[in-house]
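First subunit A sits with subunit B, and in the next complex the same chain sits with subunit C.
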Partner chain A sequence: MDKKISVVLIIALLMTLALAGCGGSPSEPAEIETPDNSQTPVAEEPVSQDGGNIVMVVEQDIDYLDPHLAAASGTEEILFNIFEGLMHPDSTGAVYPAVAESYDISDDGLTYTFTLREGIKFHNGEPVTIEDVKYTMDRIMGTETGTPLRSELANVASVETPDDSTIVFTLNQRDSAFLSNLYYAKIVPKTNEENFNTFPIGTGPFKFAEYLPEQRVVIEKFEDYWQEGVPHLDQVEFRIIPDREAALLSLQLGEIDMFPRLPIDRVAELGEGFKTIEGSSNMVQLMPMNNNVEPFDDIRVRQAVNYAVDVDEIIEAVAFGYGRKLGSNMSPVMAKYYKEGLENTYDYDPDKAIELLTEAGYPDGFDLTITIPSNYQFHVDTGQVIFQQLANVGIDVEIELVEWGVWLERVYQGREYQATIIAFTGKLDAYKVLNKYISTDRTNFFNFENAEVDELMAAAAQELDDEAAVEMYKRVQEIITENAPAVYIMDPEFSIAMKENISGYVLYPMYAQDMSTVYFE
Partner chain B sequence: MTIKFMKRNVTLIIGAVIVAMLVLMLTISFFYLPHDVNEMVITDRFSPPSSTYLMGTDNFGRDVLSRIMKGSQTAFMVGAVSILFAMSIGVILGSIAGYVGGWLDELIMRMVDVLMAFPTILLALVFIAVFGVSTTNTLIAIGLRAIPTFARITRGGFMQYKEFEFVKAARSLGSSPMRIMFLHILPNTMSPIIIASSLGFATAILSEAGLSYLGLGIQPPHPSWGSMLREAQSYMTRAPWYTYAPGIMITMSVLGFNLLGDGIRDLRDPRRQK
Partner chain C sequence: MLYFARRFISLIVTLVVVSMIVFVLFQIIPGDPALTILGMDADEAQLAALRAQLGTDQPLINRYADWGRGILKGDAGQSLRFSMPVTSLIKSRLPVTLLLSIMALVMAVAIAIPLGVIAARSHGKWSDYVISIVTQLGMAIPSFWMGIILILIFGVRLQWFRAGGYVPWSDSPIDSIKSLFLPAVAIAIPVIATIVRYLRTTVIEQLKLDYVRTAYSKGLSKKNIVYRHVLKNSLIPVITVMGMIIASVLGGSLVIEQVFALPGIGRLLVSSISYRDFYLVQGMVMYIAVAIIMINFLVDVIYKFLDPRIKLR
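What follows is the complex of A and B.
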């Protein structure tokens, strides 16, 4: 489990380095509605051309082809095309029924009944049966083995299949995130049991064709896909090129067609023949301060640091102006949950910072070590700017670069640090974004403790009234900002570059490359 | 005489000139830097070389020349301290092994062999992973790997000289082993040790640059040629001068110390001359 989290974080941070992630377009703040029972995504308007092959560059090799073992975000975005759960996310971050045709929630919020989509097939041509669905759930929950493969279904008490097209989940307690969690329970055929990690089979718009480690993953059009009109492309190759400079060169030479997560400041280097789509990454870059360690056990010192750090200057210096200022642990991409106005709580004010430091007993500042994972130049650069800014209020910063593994062990798990700079990747569910502030949470490496946050989070998780839950999450963000366990910096923007004749690409507020809507003009 | 000397020792002259220039830059950097090394002028970022910024500016608008000059302090400090460290330990180990011989010789030299089996960067990485990133640890890590060279050279010299008449004479006069080792034999082995120091100096600078390039050497924002190179590579097409500056400095210093070392060897060892 620890390892799984680590891998997720590794990839999370890889994204940061690349100024990256998958973002929803910031220009249209999507109101994320809970989908009604039979909502299906709007089909693409008729396009001029079907067919064609696309090569998209990805930065890292995949960790597993088995969708239930895969934990890396970089794998997630590729498998997004091959697999679907009972529910599947759309580009607003909401989920719609995919392998399920419809669903029904009982009044007490504990029983979910899904009806299987009629006529839906696996890539090998076999129809999806309710046994396959049940088998998938059992496999993830570890019903037979005793060890669950993923934590997303931990809240499920039992799974029943009363007839050939119905599956019923009974939950231990109310869970507002259950529907979106079902995306991770990607439906697989029992008959493919032997080959899950070598030749995966799912129900998505593309079928798996080939995987060469450290070279490429190739997927091909699935003709019998249940949604009409997609996909358009015949084949997509995800080419693994870890070095960004090399990847950029390949794009310029025309060897690859699409480049996700290109820092916006580098778009100018592309030259003619390319177009880009810009978006926020739904990430939160921040400088956590260890709330248990002197001098950060004093809230005044944490606030002073917040006043002393000029976030606007960091955005300009490190992200070339392409980042959205944050005030709490929530990206504006999560429009529904985002609490507005917090980003100006601690406007740059060095005088105020010195005042607070003096009050707290540090009139001459103090020595501060900021531990930064060395493989993320983006964070290292941020640290260099903060070094200068804190020097202005007398805080003597020393930057300590550590290897990623050391960072995970010492900072993230061991919580032995003063301050660090890191970024969290976006989650679709506000609970998963904010749960690291629960005082008992394993990932609360801030050592943040606030009774009200604990209560609100516990209540929000079980709240079925969406609006009430949203209000609770917003309040949590406020409390976090007030208590300043970290300096919240930015959600970096990025662009996805592609050849001019490629259309239909849709950004997601999560790690996903949806190739089904992409086509050549 | 001078011309003949120069003809015969081109490498020595070139090496000495390069090293002299580096030392000059180093000396100036202690008294004068064109700009504050960490001062960021965001509006001036990626300025090409000009009269204000002789080597241009980097992605934060910091003056590249100032950082290069400050970085030379880092490079020389790493070179000097790690080599002195390696030399003092290596010479002592080599002297004992060479003079005493027997099982002690075996023990010391096998330990040295073990040390020698590790590539410098790998050993440094392991060392830093275990003991943490700090300038001191970087110095020790680089120095550790240079010990075998000194130990072997010294041992070789001692093996050779301990059978010489003057050593036997000293012994028969009742000199203590310490006196014989460090007063009589050691001076005779100095010349290969000096050559090894010069070559080792170059290696140490390169190792530090390598470690800093990996982000594990001198910690930012303090300038080091290796970390500058690492930062510069993202902006290779936009600000080529930023890549050239640390790249050329590393090349020149390694080249300089190598040529100097080779030159001294040619000078001191007539057998190698044509």
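What follows is the complex of A and C.
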């Protein structure tokens, strides 16, 4: 009898070993080929200007390694280090020539001529040729396939390469955003066509090394980078940890060196050995109201809600005071375009709100469903505060939490909602921030319609005089505020936490983690 | 032989039914994979290109048929989100979940069986009460909460183990086991509690039976009786429970993987559901269903070992 029990035990033991063996055998993990099988970098690094490895936590996995297919902000901020367009953004949000050395715009604003930067190389050591640049543009515009990969170059009529260092773009109509749109046309070598989404090659300060889905993206120093003196680091690992608490623990334990977008109220938990850089996120948090749906088809109701919501209280309660109050769809970070003074248009005034509601025929308020994506705790918390504030004027709020995928399909794309709470991430160009208010725009899920805004936006897009365009964008912000398609809440401030000996980090007004300037003291 | 044929047919039927349930659920839940993958910042051209590439502009019934045809040829299709074959994604994640489940089970069995017997032997004494109270607690505490507490104590305060993350077996087997130790404990604790309570009851019942009295009258020692005769008989119902427990260990590992940020099947499953990755979800559900059916099969075989009177039918 004992024998039989031990037989069972032996079988169990053998199974354990056999299965444990599965882990050790080189049985093809879904790992994308890597040049070297480097281990996770350890915390101790030499103290010097150059060299060293950094682990930065990121919340979400990337969508694509192929820079032309990638769309998510979380991917954009990583690929920022690997790729450059003819133009590339700096930390003010302006663009400078990168793969191009210089450019020239014709007087009518329809022809852009770029000269290729001399001696610039791809990560595989091959020189960047004008064919590669042309190939990139054709790929994005879908010249051969007929279907464009992205719409940034939709306004381009033709691309020509008169000699092997010049590329000429002819536009259908004048386009003030064209130069900054070229950032999205990241230059790739034609020879790498097969591997765009598995082993991407670009011209940026870091080259791609490894991607393990849901685990990490690793990039390494590119020795032949065209800008002198950067990058400093040997390697950067973007470690994907979706759970904020787990990420924070890893930071405290020293397994992670940098934590972008840490809410400011969590900084106190870090303890010794860390420093933080605070900044605005160039986000616009807002509560859109569906302008086509009763009762929000009445401007008085929308304004009433604006008067009833106390934004200062939300900033205090949800962001612990760390947020910039907004009055329209533009963050103060976009200093050039930001229209000042709008944030006080609808100062908290519940009596005025009730008055407007009464005028509109809702003296006793109404029932309101606010649909909020459940994965954004920040918006959910905001919803709780608004719930209370609207109750004071008789509006009976029900908060409906939905999954992110459902929100995108039903609210953002399907426009089937009453009100929602969301944030727009920052863009380089004011046009890309405000285009969602154009009545025909796909992303106008407010169902906002205003003829003057449509005209101004069309004019601003073609206006080559920067100052005139800025004035138009400011006027658009004013009109938006007057018409109140949403309650504009705040641009939340956040911290980038890092180990004390890390320096050189620069904040961008958009989703970008520029690791090229980062170094160890 | 008939037994195996029967098992095999039930395996096939279960898989078909399970895959249809996934299909129906996907019909019901809203959500567009292309939109979820690319997010709010995607432009129309990108969305259209991706939808065409993914084939999500096709009705789901067509995709299900495609998937079914593929499966018959041994091809589980491509993940929508990772543009990789479903099988290689699952293969890369399976070792983590398997190792974690096995560690948890080994721990559970190694601790629970002696503890259960001790509780039964000391029936009515203080040690029995202590074990009862502790196991009651163990069953009541959810494993994800236990996981967080374990991280806080052993990961953050004492720093004996990693607080999360996974070291691949190929990097270092010892570190690999160390990185899975805390999650395995978190899964094992409620399992231990369940087995102990079950075993305690059955051992106490068995001790009252005639054959035990006979054994006593033959002059065998209590220890001898308990371990050589009673335990074996008591294990039969415990093995039945074990079949269910293994399924719950697999389920538990899905939750615990989130808490400890382990790159196992669980995390992949959760994220692929939120990305509406139809083929990947189908693939993983198939794997899990096969695993559960195989375990039940194994349980039957173990019955036969423990009690030759049982016939496999």
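Following the convention adopted for this analysis, the second predicted complex is superposed on the first by the 473 of 521 C-alpha atoms of A that agree within 3 Å, B and C clash if a C-alpha of one lies under 4 Å from a C-alpha of the other, contacts with A are read in each partner's own complex, and residues count from 1 in each chain.
What we mean here is this: a residue touches a chain if its C-beta (ideal position, glycine included) is under 8 Å from a C-beta of that chain, and two chains touch if they have at least 3 such contacts.
The shown structure was predicted, so the numbers you read here are calculated from the model rather than taken from an experiment.
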| item | value |
| --- | --- |
| Touching partner for A:401 - first (subunit B), second (subunit C), both, neither | first |
| Contacts of A:72 with subunit B and subunit C, given as first, second, both or neither | second |
| Partner chain in contact with A:316 - subunit B first, subunit C second, else both or neither | first |
| Subunit B versus subunit C as contact partner of A:442, first or second or both or neither | second |
| Comparing the two partners subunit B and subunit C, which touches a greater set of residues in subunit A | C |
| Contacts of A:253 with subunit B and subunit C, given as first, second, both or neither | second |
| Partner chain in contact with A:409 - subunit B first, subunit C second, else both or neither | second |
| Partner chain(s) touched by A:374 [first = subunit B, second = subunit C, both, neither] | first |
| Subunit C-contacting residues of subunit A that also contact subunit B | 245, 403, 406 |
| Subunit C residues touching subunit A - in the complex, by the definition given at the top | 29-33, 35-46, 48-50, 52, 81-84, 88-89, 91-96, 98-99, 102, 106, 148, 151, 155-156, 159, 162-165, 167-171, 173, 176, 228, 232, 258-261, 263, 267-268, 271, 274-276, 302, 305-306 |
| Partner subunit B, residues of subunit A touching it in the complex | 244-245, 269, 313, 316-317, 374-375, 377, 380-381, 383-385, 387-388, 398-403, 406 |
| Complex interface listing, subunit A residues touching subunit C | 1-2, 4-5, 7-8, 12, 15-16, 19-20, 22-24, 26-31, 39-40, 61, 63, 69, 71-73, 76, 142, 147-152, 154, 197, 212-215, 241-243, 245-246, 249-250, 252-253, 255, 403-406, 408-410, 412-413, 422, 424-425, 442-443 |
| Interfacial residue positions of subunit B with respect to subunit A in the complex | 38-40, 42, 45, 59-60, 129, 132-133, 214-216, 219-221, 230-231, 233-234, 236-238 |
